[in-house]
Each structure stands twice: as C-alpha cells, then as structure tokens.
Amino acid sequence: MTRKPVVGVMGGADVGAEVCALARELGKRIAERGWVLLNGGRDSGVMRASAAGAHEAGGTVIGILPDADTSRATPDLDYAIVTGMGDARNLINVLTSDVVIACPGGAGTLSEVALALNNGKHVILLGWDAGAAFEDFRRGGLLTTAKDPEDALAQAKETLPRAGHHSQPG
Amino acid sequence: MTRKPVVGVMGGADVGAEVCALARELGKRIAERGWVLLNGGRDSGVMRASAAGAHEAGGTVIGILPDADTSRATPDLDYAIVTGMGDARNLINVLTSDVVIACPGGAGTLSEVALALNNGKHVILLGWDAGAAFEDFRRGGLLTTAKDPEDALAQAKETLPRAGHHSQPG
Amino acid sequence: MTRKPVVGVMGGADVGAEVCALARELGKRIAERGWVLLNGGRDSGVMRASAAGAHEAGGTVIGILPDADTSRATPDLDYAIVTGMGDARNLINVLTSDVVIACPGGAGTLSEVALALNNGKHVILLGWDAGAAFEDFRRGGLLTTAKDPEDALAQAKETLPRAGHHSQPG
Amino acid sequence: MTRKPVVGVMGGADVGAEVCALARELGKRIAERGWVLLNGGRDSGVMRASAAGAHEAGGTVIGILPDADTSRATPDLDYAIVTGMGDARNLINVLTSDVVIACPGGAGTLSEVALALNNGKHVILLGWDAGAAFEDFRRGGLLTTAKDPEDALAQAKETLPRAGHHSQPG
C-alpha cells in the first residue's frame, strides 16, 4: 500500500493578488509532482487559489472545513472533510499533512505553523518570515524558508521520503 | 464542480467474520457505483473489511483516524485524515458523509448513529436494529433499515440526489 | 488534593415540563451532596433546569458549550467552558464526568450515552430506557436504570469512590 | 448572574525556574483579585506553577487537559476538563478565557497566542516578545506586552469589563 504524499498548504483567507498567484503556482506544481494538496477548504484566499492551481494541473485536493457543512467550500475540492469544529480543524490540517508549506496569512496561519511544529512536522515558509518567536525551530531545522514554489517543493521532497506514505508512530 | 458522493460506513472494530464479510461486500458495491467510501480508518473489523472491499473494486477510500498518526491505519486507505481527537472524530465521520450506513458494532457505532441523526443525516442500518431509543427517527424517516448491501445502496441512492455533491447549508 | 466528584447530567434541550422538573430535582440533590454538576451549558431543557436546581441548593455548575461564545449559556453556570466544536463537545461532557446520569432526550443525549459507555463511564438512565441497542452494556453493569433522582444518586455514589477525585488512567 | 472573570495563563511545559517563579506569582495575583485561573492543566512548567500560585492564595483553577483522563493533571486543579483531543484543546483554552496572558513557552504556547488573536481575544505577553509575525496585532492593540505580573493584571483588568462575565456574541 502506498498512499500519495500529502502536502499541506496554509495561508490567509484575506490576502492580495500576489499571494494568491503564488498559492496557485504552488498548487499547480504540487499536482504536477503527483502529490495530494491539502488545505483549509474555504472559498477564499490561499485556500481557493491553491486548490484551483492543483486542479488546473489535474491534481487531487482535500479541504478540511471548519464549518458543519460544505456551503463555504471552494469548488476545486475533490474531498471536503466537514469538521464543524472551527479553528480546532487547524490541528487536523497539519497532522494529516506529511509536510506543511505556509504562504503569508494572519493569525490562523500562524496557529497552523505553531501546531505543525509542536507536532514535529516540517514547515516551509514561502514568501515571508515568521520572525524571532520561531527561531528555535529554525535552528533545529524543522522550520525552513523557501524563495519560490519550486524551492519549497524541493525542500518538501527532502522531507517526504522520511514522512510520506509510510506509517509513522507519533 | 461535482464532488463524488461520500457514503460513510460505520460499524464495530471487534466484530465476527460474518459482519466483516457484509462490510466487505458493502464496500465493494459502493466502489462499483463510483461513490467514495468513508470510514474510521483503523485496521480492524468493519473499517478494515469495508476498505478492502472498496479497493478490490477499484474504489476510493477515506479514513478519519482517531489517532495522532497513521500507525494504526488500515492499508486500504487512499486518504488518511489524522485527527488526534479520539472519539471526537466520530462527528467528522458523519458530517463528511452524504449518507451513513451502519453495520453492527458497539457503543462507538451507536454514537455515530446518534451523531448522524442529530445532524440531520440519513442513517441506514444494515444487519441489525437500533431498537426503541431511536424509534422517533424511524417514524420520521431519517433512520431506515436495509436487508442486504444492495438494499442499503438503493436506499442511499434515494438520499444522495438530495444531499450528494451540492453545497448544503447546515 | 481532592477534587470534588463531577456528575454529568445529560438530557434533551427540547423536553416537556415533567422532564424539566425531574432535571431540576436531580440538580438540587447533586448540589446537596456537595458534588459538582456538569452539563451541556445551554439555556434550554435539561441543561437549564438541572443548572437552576443545583444553584438553588448552592451548588457548583460547569457547562460545556458547543458554541464559540457564551451567548447561549444558561445563567446558572459558574464556569462556562467554550469549545466552539458543536457536538464534538459531547465527548468532553462524558470524559470530564466521573459518572453520567442521562435524563430523557433526543439523538444528542443518545450520542452522549454511547460515547460515555465507549469510554468506560458508568451511565445511569433516569426516567427512560435506552432499549435493545445498549443491552450488552446493561448486562455488563456499565449501564443501569434509576427509578427517581434519589435512586440515581445512590447508584452514582457507588461509582464515585472508584472513579471520583483520584487520577485514573484511561 | 455574574460569572467570575476567567484569565487564561499559557506558557511552556518545559521551562526554567525563573519562568516557573513568574507563573506562580502571576497565578497568586490572579487569585487575589478574585478571578478564575485557567490553564492547560498538566503537571509541569507554567501549568503546574500558575495553578500552585493560585491555590496558595485561595483561588480557583480550571485545567483543560489534552488527555482522555486525569492521570497527568496537576494536583492544584479545582476542575479538570478532560478533552481527549490533544492540541485541539488549545482552542478551548483561549475561547474559554476572557483574556489570555502568555508566559514564555514553545510552539504550543505560540499556537495559543495565534488562536486567541484569531478569535478576537486580547493577549498579554509576559516576559517575552512574539516578534515580527504578530506585529499587526500589536499595532491593532489586541496584542500587548507586560513588564511584570502586576502590569499584566492591570492590562487584563482593562479588558475584563468589556469581555468578562457578560454574555458575548462571537
């Protein structure tokens, strides 16, 4: 049994056109590599853009929704996981991802970066810097920075053989 | 955008060979219809058997795991959603399903039947009866009984056009 | 260190005057014994009535709210735990209780009975019967029936010395 | 009905003696003001120290446990809320608090700061700085810094009349 690697893409719901373009490009490249894209599933910002990019390239998209139904889901989801748990679903986003790529966002994105690191997941920052608060994780190598989507995927690939589709005790 | 219908299959982790055979047959027939099978993802009982049956027929399987990693996931999952929330994931199982088919099981299965009904989901009992406690829902039509997997799927199909791949306010 | 025993009172949000009177009496007697009352915290049905009864007798009430704020909390809570997780908070209700007393209710109450039993908690049904689906737990003694509030508390007391204020591995 | 204000104290499980002393002093002063202390409930670091400080001064302590039982609870809890949800309980910590004071900690603490801000809660940093990633919230006034426990409580008091024991739509 080999499940495909799952790359979590986090980022803001309320971001500008430049960040959306970045997220779309990232989603496209994830799909081109044959990896599954996971995000927060809503129809705005990085969630919408990364899902659209992955679909454009024929990829598979899983959205983990905070709501109790799919009314706010972005159309480009293949699988809409309905949690009804608000921001508690942020933990599911990162636990389900083999590696996390974080685009710019607000406090929700920061919570996902922190929850991922707290649960031993490699986090790759794309297009921003998390600053001093996360410095220990940078030194330890669990938090890295990518200069563009291709660099992010190259870094993700380094992590995936270790964390990818094999069972992993927590 | 058309997401495939998601059929949740609930049932015990510790059940006999007859129930496992039933779950496997059910999984197979769900896949043959082109529907997605969702279950609790662990490598035992109805979860393992229904996933195996769906895979045997080339279908897609989503497992919603109670654990914080995939170490107890059944091999026949295409997508392993890692919640780390124990039985709280039972709510996600039913909210994510367009319709729920419940095979025999224990208290965990009963909690999923109850959570599904409490959130307005159609529950089809396959091979058992939930008894007096759930009688109001039977009278209201939200809870029905199927005599075999094919009957369960016929009943599920009646629900899916209403609840399937369209957005639905909760 | 001795934490006071916590008695969870479950039951419907939409029940008649007779059930509310029963819940109020139950809350009062829990408080008179010096035990803490825990319920789902909302301002209706068994939640409202049991909290009012406990407060009437000078007791302490914890409400575990499904909402993301306290706007629907019943006034008679000393502590309002805000989960924002909808029915997923039903699991917290039963895990936090040393023993669970279930008044009549709907599918939400049934989910709490099932989740409690699935997690090894003693459940006492007051004023109703859960029927055949839960028969195994009745035979095993984890599920019992009480004929009135005083009987329920006598049964709860039997459980509390074992489960009460001591640490208990899960 | 007037519930007492709830002050959430976050901070690391694995911190040095100086941070523990700070947390203990903070807990003591929260209790002296008649406020309820809420924390993550485990028997280490800031959780243990702040609970001990509050109890020393006769205060009330609520712990929101990540585990499915109370085996790792710190002894100085009056109420142990058992979630069984791991880090998903971090959301409950902040939603239940009227105001959040964050002592130094690791990624878990950072996740609580981020979740609090994302849900509109005032966060007061005591003894550290969250850095550039949270700068927007500092400018907006939702994130502030305190130079010592007394300063933190003075700032908390400014928030409590607005957010404290009244019902508040989310």
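General remarks:
Chains: A, B, C and D, in written order; residue numbering restarts at 1 for each.
One rule holds for everything that comes next: a contact is a pair of C-beta atoms (placed from the backbone, for glycine too) under 8 Å apart; a residue touches a chain by one contact, two chains touch by 3 or more.
Predicted, not measured: the structure shown is a model, and the values here were computed from it.
Shared contact partners of chain A and chain B are C, D. With centres computed as the average of Cα coordinates, no chain lies farther from chain B than D. Should one ask which of B-D and A-D has more C-beta pairs in contact, the pair is A-D. If you average the Cα atoms of chain A and of chain D, the two centres end up 29 Å apart.
Chain B and chain D have CA centres that are 39 Å apart. With touch defined as above, residues shared between interfaces to two or more other chains in chain A number as follows: 68, 84-88, 91, 119. Across the complex, chain D meets chain A through its residues 85-88, 90-91, 106-108, 110-111, 113-115, 117-119, 129-134, 136-137.
Residue ranges on chain B touching chain D, taken from their complex, read 68, 84-88. In the complex of the two chains, the chain A residues touching chain B come out as 1, 3-4, 6, 36, 62, 64, 67-71, 73, 75-85, 88, 91-92, 95-96, 119, 167-170.
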